[in-house]
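One structure is given below, encoded as structure tokens.
Letters are used for the chains, namely A, B and C, taken in the order the chains are written, and counting of residues starts over at 1 for each.
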Amino acid sequence: MMGLTVLCLGVALVPLGSILYSVAVQGGSVINVDFFTQTQPAPCSPNPITTCTQGGIGQALVGTLLLLSLSCLIAIPLGILTGIYLAEYGKGPLVHGVRFFADVMTGLPSIVFGMFVYAAFLIVFPGRVFSALAGVLALALLVLPFVARTTEESLRLVPNGLREAALALGLPKYKVTGRIVLSSARDGVVTGAILAMGRVGGETAPLIMTAFGNIYMSTRLDQPIGAMSLLIFYNAASPYANWNALAWGAALILALMMLGLSIAVRILLRRRFRERRIGA
Amino acid sequence: MAFPFRRGARGARRNPTGSTWGDTLFHLGSGAAAIVLLALLGLIVLVLSLDAAQSIGVFGFGFLGNRIWDPNTDQFGALPFIYGTLVTSAIGLLLGVPVSLGIAIFLAELAPASIRAPLTYVVELLAAIPSVVYGLWGIFVLVPAMANVVDPALQSVLGFLPIFQGPVYGYGLLSAGVILAIMIIPTVAAISRDALLAVPQSQREAALSLGATRWESTRMGVLRYARSGIFGAIILGLGRAFGETIAVTMVIGNANEISGSLFAPGNTLSSVLASNIREAFGLQASALIELALVLFLVTLVINAFARIMVWRVFGERGEAVS
Amino acid sequence: MTSKLTADGLSAWYGPKKAIEDISLAFEEHAATAIIGPSGCGKSTLIRCLNRMHETLPKTRVEGKVLLDGEDVYEQDAVAVRRRIGMVFQKANPFPTMSVYDNVAAGLRLNGTRDRKVLDRAVKGSLVKAALWDEVKDSLGKPGVGLSGGQQQRLCIARALAVEPEVLLMDEPCSALDPIATAKIEDLIFDLKKEYTVVIVTHNMQQAARVSDSTAFLYLGRLIEVGGTRELFEHPREELTEKYITGRFG
């Protein structure tokens, strides 16, 4: 039986290896300075007459950074606040309901959130359906329940003795929660936030009908905006070789970004207590 | 100092944790954030229904059973996509669940302790890859492999079955199913592994002491006990498969019709949205939004069901309860 | 002698279960009162009612009065009450993300005190009173959780003293400590009671005999007997008290 289960493991590892290999090799071949600074090139496949310009993903890089930062700016504080409510203040059926739905929401297909924002904008902002703002909102909806649950879990890990010690010192509950408990749970909460950012960075579906994609550099909130995931999606399916190559390059950069976030999380989890320096 | 801001004795007895404005603000503020979450779900249903109203009005419930999707004649039905979703998910589960269980058994029962942690991490790595990268790999590696090797092989051996007949493009329901299988492995394997690990050692020992072989003790002592946890894992995997969009979109071939062959292109509830929403307007847009509503409700129910199953085994906070 | 702190007809519940019943007890100023009794007799519940910590748990209820300088604490703001009645817990719980200095200063800082000089003075003063200053004066920046068990407990005492309470409640402060650390804290209590009103819950009768001026004996939630420590231990009035003291039940 060992052999059979090892075979299963192998079956899972083969695509993993293939993906990592392809991304590294195909993506690596297109990385250079231009890749980061240029924008979408004219479509072109190798032919004997002209050389294809490589172009770059500059507009998508900027787009991803903008979408990521704005959506996290909105959703992470809200998510932390919700997590605090779930862990520290909530009582009764409301808490269970919120917790249950937060869990369920994290499992919903992300395209639903995109469709929701799309449908909402059709009603409220019909002229701005495809805009960076819509993309930001769709991503924020993804991040919110995730951060709420990870924050709640981290706060629950803080031993009750600390809350009691702080209350017994004559501190009001909001200071106990905000200053003592939250800072004790700091590492866990930050880890959750970073993981959320990682998840959102790779998201494509909710952006298709909100941010829409843009081959030109743009940072306006009321206009469509590019994103690395969208770029991969559209360029991969195109028949042009130079566009395909950009897709691989973007995939490599995306993978490296994820790796970077994952390493940051591990460093945080292993962090030793840093000495504060003061004297008296 | 905060003292000047405190309310007096009136609220004192009922406020063991202080009655400052800070406390009220914090309590209300965090509570409001929580309510936003709940309200959101209702809002999603509301907004989607509003925009789908046009399509619902025109097609009614027949929408779900109609197999024609034709923007040119303004005829829209959901059946091809329900079919596509069911077929690809079924393939995904059929291929993915046994592999996941094998991995779970290996990691929980058979693997030497030293390599368990790194291997678990590696399997989890599969989950960290974004869907769009799966799709990219799918287009340039999987689809050619299917078109040139796997599909023709299946056709030559099993070509008498209608599901393996017809032209081979590489893009199609089968390829989408294969990619789904790969993508649900980390989820199903991880939760199944947790379910297996939650089985108390005494169960294994009881089976072994009765003279069972390794496989028998696993089957009798462990798998049976972990049944509901594994079932929950499968349901969660199903939920993931149902909702997986991008990778599927990139390899499924984008055809809005039902075909008897697994090699044929098709669309799922989510891939049709991804492929068509940007250019859609009017009735087609409304019909697509109606599809989104259907997708939302179906995955909501599946996920809720799965969460309940997992909570029963693992307790509300995710720790194992025996 | 004036009674600094008085419990008057105090009863408390955990959900439906009544933990203490109708307890009336006076705690004298500048003295230490010990509360003894077998496990489950309600000692901790009683002491936690004195500084309104009992009600921070869900589904709890309190009836009766607790008078601090003649005024019922249950008619006042709970947070203000806890500034005046400090508490040290069974298990030392210094704040893990803070240094020794920050731990002691926490109560003051979080209530708005910013002046560095004021904080320095308060920290040093409290650490001296808690008999910990000499041991930590060169490592105030080190994490609070890096100290030994006994030191951590004295750190918690210093932290409680820094907000200048009038009463200090101690809930089995030495039960998790070795004899040497315990002895240090008992010596400390001798000094503390000159300045504060100390109430100490202990399951260790020798400890009660050593450090307290009065002792109250609780059994199954009721106050059985209270009196001067010496008299209670040498000539207990109640049979139950005598049985407990002579070890007939634990």
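Basically, contacts are C-beta pairs under 8 Å (C-beta built on N, C-alpha and C of every residue); 3 or more make two chains touch, one makes a residue touch a chain.
Small disclaimer: the values here were computed from a predicted structure and weren't measured.
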{"item": "Of all other chains, the one whose Cα centre sits farthest from chain B", "value": "C"}
{"item": "Innermost chain by mean C-alpha position", "value": "A"}
{"item": "Distance between chain centroids, defined by C-alpha means - chain A, chain B (Å)", "value": "18"}
{"item": "Mean-CA-position distance for chain C and chain B (Å)", "value": "54"}
{"item": "For chain A paired with chain C, centre-to-centre distance based on mean C-alpha positions, whole Å", "value": "49"}
{"item": "Touching two or more other chains - residues of chain B", "value": "2, 17-18, 20"}
{"item": "Touching two or more other chains - residue numbers and ranges from chain C", "value": "56, 79-80, 111"}
{"item": "Multi-chain contact residues (two or more partners), chain A", "value": "167, 171-172, 175"}
{"item": "Interfacial residue positions of chain B with respect to chain A in the complex", "value": "2, 17-18, 20, 22-23, 25-27, 29-31, 33-38, 40-41, 43-44, 47-48, 50-52, 98-103, 105-106, 110, 119, 122-123, 125-126, 128-137, 139-142, 182, 185, 189, 214-215, 218, 236, 239-240, 242-246, 249-250, 270, 273-274, 277-278, 285, 289, 292, 295-296, 299-300, 303-304, 306-307, 316-318"}
{"item": "List of chain A residues in touch with chain C within their complex", "value": "91, 159, 161-162, 164-172, 175, 179-180, 183-184, 186, 273, 275-280"}
{"item": "Chain C residues within the chain A interface of the complex", "value": "51, 53, 56, 58, 79-84, 86-87, 89, 91, 93-99, 101-102, 106-107, 110-111, 120, 123-124, 137, 140-143, 145, 156, 159-160, 163"}
{"item": "Interfacial residue positions of chain A with respect to chain B in the complex", "value": "1-2, 4-9, 11-13, 15-16, 18-19, 22-23, 26, 78-79, 81-82, 84-86, 88-90, 94-105, 107-113, 115-116, 118-120, 122-123, 130, 141, 144-145, 148, 153, 156, 167, 171-178, 198, 201-205, 208-209, 212, 229, 232-233, 236-237, 244, 247-248, 251, 254-255, 258, 262"}
